[in-house]
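Both complexes below contain subunit A, partnered by subunit B and then by subunit C.
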Partner chain A sequence: MKNNEQFNNRNVSENGYYLVDIADYPTDGWGKFKRVVQRTFRGELFVGLWVVLREMIKFDIHTVSYPEEKMPIGPRYRAVHEMKRLWESDAERCIGCGLCEKICISNCIKMDTRIDENSRKEVSEYTINLGRCIFCGYCAEVCPELAITHGGEYEQASEQREHFVDYEYMLTPLDKMKAGTQVEFEGFGAITPHEDERVKKTPLAY
Partner chain B sequence: MSKITINIDGKDIQTQEGEYILNAARANDIFIPAICYLTRCSPTLACRICLVEADGKQVYACNAKAKDGMNITTSTPTIESERRAIMEVYDVNHPLQCGVCDQSGECELQNYTLEIGVDSQSYAVKDVDRSSHDWGHLHYDPGLCIVCERCVTACKDMIGDNSLKTIARGADALDAEYKENMPKDAYAMWNKLNKSVIGLTNGTDILDCTSCGECAAVCPVGALVDTDFMYKSNAWELKQIPATCGHCSAGCQITYDVKHTSIDNPENKIYRVMNEWNYVSLCGAGRYGFDYENKVTHKDEAAFANAVVALQKADTIAFTSTITNEEAYLLQKMKEKFGYKLVNSEAKSFQTFLNDYSDVSGTKLYGSDLKVTHNSNFVISVGAALKSDNPNARYALNNSMTVNKGAGLYFHPVSDPIIDGLGKSIVSVTHAPLQEEAVMYLILDLFADKSKLPSEVAEYLASFHSKKTVTVKETVKEKVVETVKEMKLNEETGLEEEVEVEKSSMVNKEVSKDVEVDENALLALVNADKKFMESLEKNLAKKDAFSLIVGPDFYTHPNAKNLARLVALVEKYSEFEVTMIPPLTNSLGVALICELDDAKGAYTVGYNVKGDFTLSALGGGDLDMPAMNQQEGTLTSINKRVNPTNAALDYKGYELNDLANALGIKADLVIEYTAKLPTAKGFKAENFDDLPNRYENDGTEVRGYVLDNVAVKVSGDETVEKYNNAKLEGTIVYIANPVRQFTEFTNKTTALSQEGGVYMSEEFLSKSDFNEGDSVRIKSANGELVVKIISDNKIAGEIALIPTYDSKINPEVLTSGYRFATASIEKV
Partner chain C sequence: MDTAYLIETIIKVVVVLLIFSALAGIGTYFERKVLAFMQRRLGPMNVGPYGLLQVAADGIKLFTKEDIIPTNVVGRIFKIAPVITAATAFMAAAAIPFLPQFELFGYTVHPIISDVNIGILYILGIMGIGLYGPLLGGMASANKFALLSAARSAAVFISYEVITGLSILAPIMMVGSLSLIDFNEYQSGGIGDWIVWSQPVAFVLFWIAAFAETGRTPFHLVANDHEIIDGFGTEYSGMRWGLFFIGEYANMFFISFVIPLLFLGGYGDGSFLGALGLLAKMSFFFFFFLWTRAAWPDVRPDQLMWLCWKVLMPIAVINVVITGFVMMF
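Coming up: the complex of A and B.
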């Protein structure tokens, strides 16, 4: 739950935004002609070329050298889905309630469920058709178990789209669980701050 | 019943005198929350949430009867606080597992918790171990159960199995302070709820009932679910296809709930069958026998060409009545065009029976339906193995007994523990096979208005009566006075002394008296119990609505004609309303639409029966046909209603209409014939797409249309043949199915598939040296059959049952039409 606060402040004006001063577009023929002449003989191309040249010989470059180097992704970024495991038992969090399947507005989630040997509901198959997914985040928001979340994996390049729809691929690997490096998603569906204070507690007779 | 006006929440509504307030409100679209109440059943008063204020007094809407001019308020602050407390109580210790619960999305606990707006909990009690049970085809989770007792009510008041009851929960008592502080009704409801869970009446952990699954259907929460459906699909993923059950003649409203088979297989699959359980109750075959579709992958052109050739060559089409009205019409058209003989023995006998009946009654069809039976209070069943011939007729009988305080008579050679278990007010009479005429004469004798009966019949009935003097032993109470010596304290002297006291006491004394009684020889003929008349007299007290159910035994009876005329006489000259059970799904429709022939010709095309060329919806024939859940069309039910049914599943092969098209009878779709069904027989010229299939809030059945009961010319001859003393004796076999089986279609389904055999009662098995699983040879005058013995505790007595649902067993070889036959049974 670290640093959640900064994302909760949605007041735009406080974050140093300003309006850009842009001249009005010409409306009459003469104005338009003047603009064409100005743009043609201004030599803006060389201004651009100069900037490139200047940056080339400078050593303090702001460009990220992708793909060797990658920008850090915001914790609420909605890229390819992940399926989380329980911290306590490493078991899959998904209970097969089917809410993600229901809420999905592009109808790309499907699941098959059945009763397992322990008489519990079990998800026998689960797919997300990422070719159709619009990454709206509803599935993560509706998930009552924080099981399906978005991850930071935004590189969707592969020979086959189907490579991304595999349940095993989405599931947190067990070695990651052992190392304790599963990262909780902090975007849609995550527990909001001060949740405990807002919950009405149920009385118990024990 | 007279019309009255009551006022609910400022709205004047019309209703019947004596109607429950809840039903009156529902019929007029006024919402009163209610959980435990089931329409058509008696009020349970478990949930108490239907509290309303009637003329300033709090009453339960489900059991308070409307009175003329009553003013009803459905919501006051007190009632609101009661309802809120009730819903909070229901949520106490209810597991928060909606995510995996099968009821989620159609759960009444979810709905009412949201409706009442429960957002916090004020009550608590320590929970006890409530682990789940597998009761066979049902799964019971007491943890989810809210003990509304709807399952118990449905099983008792509608089905009649009485398999469920409430048992002790063994929980701690509620905190004493709740009694003071809680709303009164909520506390009372909780106090009862906290003491009970649902259990089985048979004392074991496995259900032994007729397995209809109605209890799971009515369960408002996920406590009772079908084991096979458990965790298969969420309710909201299923698409409901409105249909009519195609297994028997009851024509129950159902929906096939379909969804894609799996992620890999996008083809639709039926996951379950649902019904409007407030207005219609299904049997186990209807509920669990749904996947009998004929899986055909493509159009088999070669087989189709062969079929066309076969039809050109054939002179006979043999078929069963498991077809739609439209197909029956198509067959009739083919007969008219090409002169085929249409052979369908079961529909033919029913058709003949109906015609013989019409000759006396003057109507094409019997006058009543099962709805009338539901509302009557004295029901007689004759000639039917009621629980398996038409389970809905049994429900109607049971419902009339439980809700209308009714009674009944069940005349059948096979004694039936399920019928006997319906209650004490039903009297079973086990007559010998072939004695059905005596039964009908007895009914005429007991109930017909003798002054109106044709004189010969009245005289004939009188000839069974004789006067007889019997010595009756009576117990008379007599006053006896004796003088007793007693020790008494003399108050003056303070000493005890002996005093003589006169004491009178009442003493029972037996007196013999000669009484002249009327003896009815018919009673002995039908093998009625000695106390028959006595119990009948008791059962007939305060009865005013009479209903007679006539079963398929009559249609194939050697004297069927006489029986039909007797049935018509009973309907005409007594207060009984008559309903006849058509032998198969659409026998009534086929009997009305087709001109049927008796004998086959040289070359037969069989439709769902074996022929020289076989068209089969069961698969394995020469050309595949669609099964009932893959077709659209209409089915004529026992209630004389033409019900529409829709295709739940895809069918990729050829159907009968394609064959007709190839033969020159052109129509794009078979449902084009719906509007062309013969109006002269009572059908209406209505298009298939205009036929509704639903129930209104007041229970009105808006499904298809009801056949007109066309008037028929009568000959005026109302004579009936005299009683015929022939009867079957010795070892007898009876052609009937066990519960949940009707035809090969039911047997094809995953849930109901089983191996057939000869069904013997436990009593029969214990008396003979047969054991379950033995192979026996059954030999009658007509033929013989080698089958395995199956023990069946749903029948009693010494008649063995041979089923028709197993394609490997053909019971027809044993009989000459009539469902009973004498036979010898020996081990092989």
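Coming up: the complex of A and C.
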């Protein structure tokens, strides 16, 4: 992983910003002549030459040679959606409520539901048109079951855009559940840390 | 003119053509690598080890691309313009001694195609003709950016030619000959004999003019990518564009040979070490072309003309006059 510079501190007053001292432009011929002579013999061009040569000698290459190495992405990164399963039963979390379809501002989620043999609502069709999706994260935020989330997968290729993306593609595979490696989304809409300690019991008295 | 001389000359021509066509390709590789390292990048890495075969990939691409002649262009001139650039660049090489003479299987080889007695004048003249490539190509292209580039190349042309001519005049007065071999003989006594010590001003002026001559970065205004796309090359594709490219890089190599031959002792006394020295000096000047491209900004066309006519030309004239006085008394 690259040791990247930190650009997070945007407080201008603390970072040593200062106004560049720009001299007035000369108006008369003698002033212009003096400026030319000064610029000629001050050696600014050689400063530039030294700067690039220094970088070449230091050989501090900042390129990430992409397919071999990748930049780390944050846990809140909003890439292609994932459908999670329940930890306890490996069943699908999605209850087919349709909130994500309703809230989607680019109308890219389409779903269909039916009543299954156990009289439970079940998702029969679920597609996200990634060509329209703007990855705003509203679907993950609105989902009451933490079922639809964003993952970290941002590399996809296909001959047809219709291949992206259906329910089976997004659903966590069962072998991944068996291995216990399903990763919870930490972004917007996820449970905040230490949520258990803040939950109060429902007062059943009334 | 006997047959042996004819055969020898043809072989030399072919060798120079092959070597410098290949060097033009390798030169692009070096340029991309050096620029990349100076900008903290890696440069070409994927084709071959360390991207060495990138040159071959580019060559295949250029050769196999469709040769497009757009509508509304002046066909004949459009087609001949890249040939002018490439051909004149290689023609200029005829009077450059690339190495000292050496023995090969008991046969003395002179690594110069033709030691004409107007050597440096011939080289500068032919290199000057090379600018007709951008000029004609730009004017024939039916493209406003190309037309701008053609106008600029005319401006560059009338500016730098004065400087090259006048700056080289003082060393010519000292040496008393236009042949590059005579220049080399004049400086063959060692570092103390180099013309750069007696003519530092002429050296710097010629060097500056060399940047305008080859159209490299401080004066890269004929094909300035960020202003006028690729200038004269905008409408060109495939091998015709490649010819412009080869011409530019061959020009850089030849001028990098000419500068040390004129001012920095050339190959010295003609020993093996001297030959290596010439190659080292040539490499430095070629590297400097790449170095400035990473470090320096471009000037505007009017600034270039201001620099050439109002600053460099008076200095060159004064230099010639002073040299004349020193030689007289």
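Here, the second predicted complex is superposed on the first by the 131 of 206 C-alpha atoms of A that agree within 3 Å, B and C clash if a C-alpha of one lies under 4 Å from a C-alpha of the other, contacts with A are read in each partner's own complex, and residues count from 1 in each chain.
Everything below uses one rule, namely that a contact is a pair of C-beta atoms (placed from the backbone, for glycine too) under 8 Å apart; a residue touches a chain by one contact, two chains touch by 3 or more.
Every value quoted in this text rests on a predicted model; they were computed, and no experiment measured them.
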| item | value |
| --- | --- |
| First, second, both or neither for A:60, with subunit B first and subunit C second | second |
| Which superposed partner A:159 touches (first subunit B, second subunit C, both, neither) | neither |
| Partner, of subunit C and subunit B, that touches more residues belonging to subunit A | B |
| Which superposed partner A:52 touches (first subunit B, second subunit C, both, neither) | second |
| Subunit B versus subunit C as contact partner of A:69, first or second or both or neither | neither |
| Touched partner set for A:102, first subunit B, second subunit C, both or neither | first |
| Footprint of subunit A on subunit B - complex, ascending | 98-100, 104, 119-126, 132, 172, 175, 230-234, 236-237, 262-264 |
| Subunit B contact footprint on subunit A (complex, rising order) | 95-99, 101-102, 110-115, 119-122, 125, 127, 144-145, 200, 202-206 |
| Residue ranges of subunit C in contact with subunit A within the complex | 34, 37-42, 45, 291-292, 294-296, 311 |
| List of subunit A residues in touch with subunit C within their complex | 36, 45, 48-49, 51-53, 55-56, 59-63, 65 |
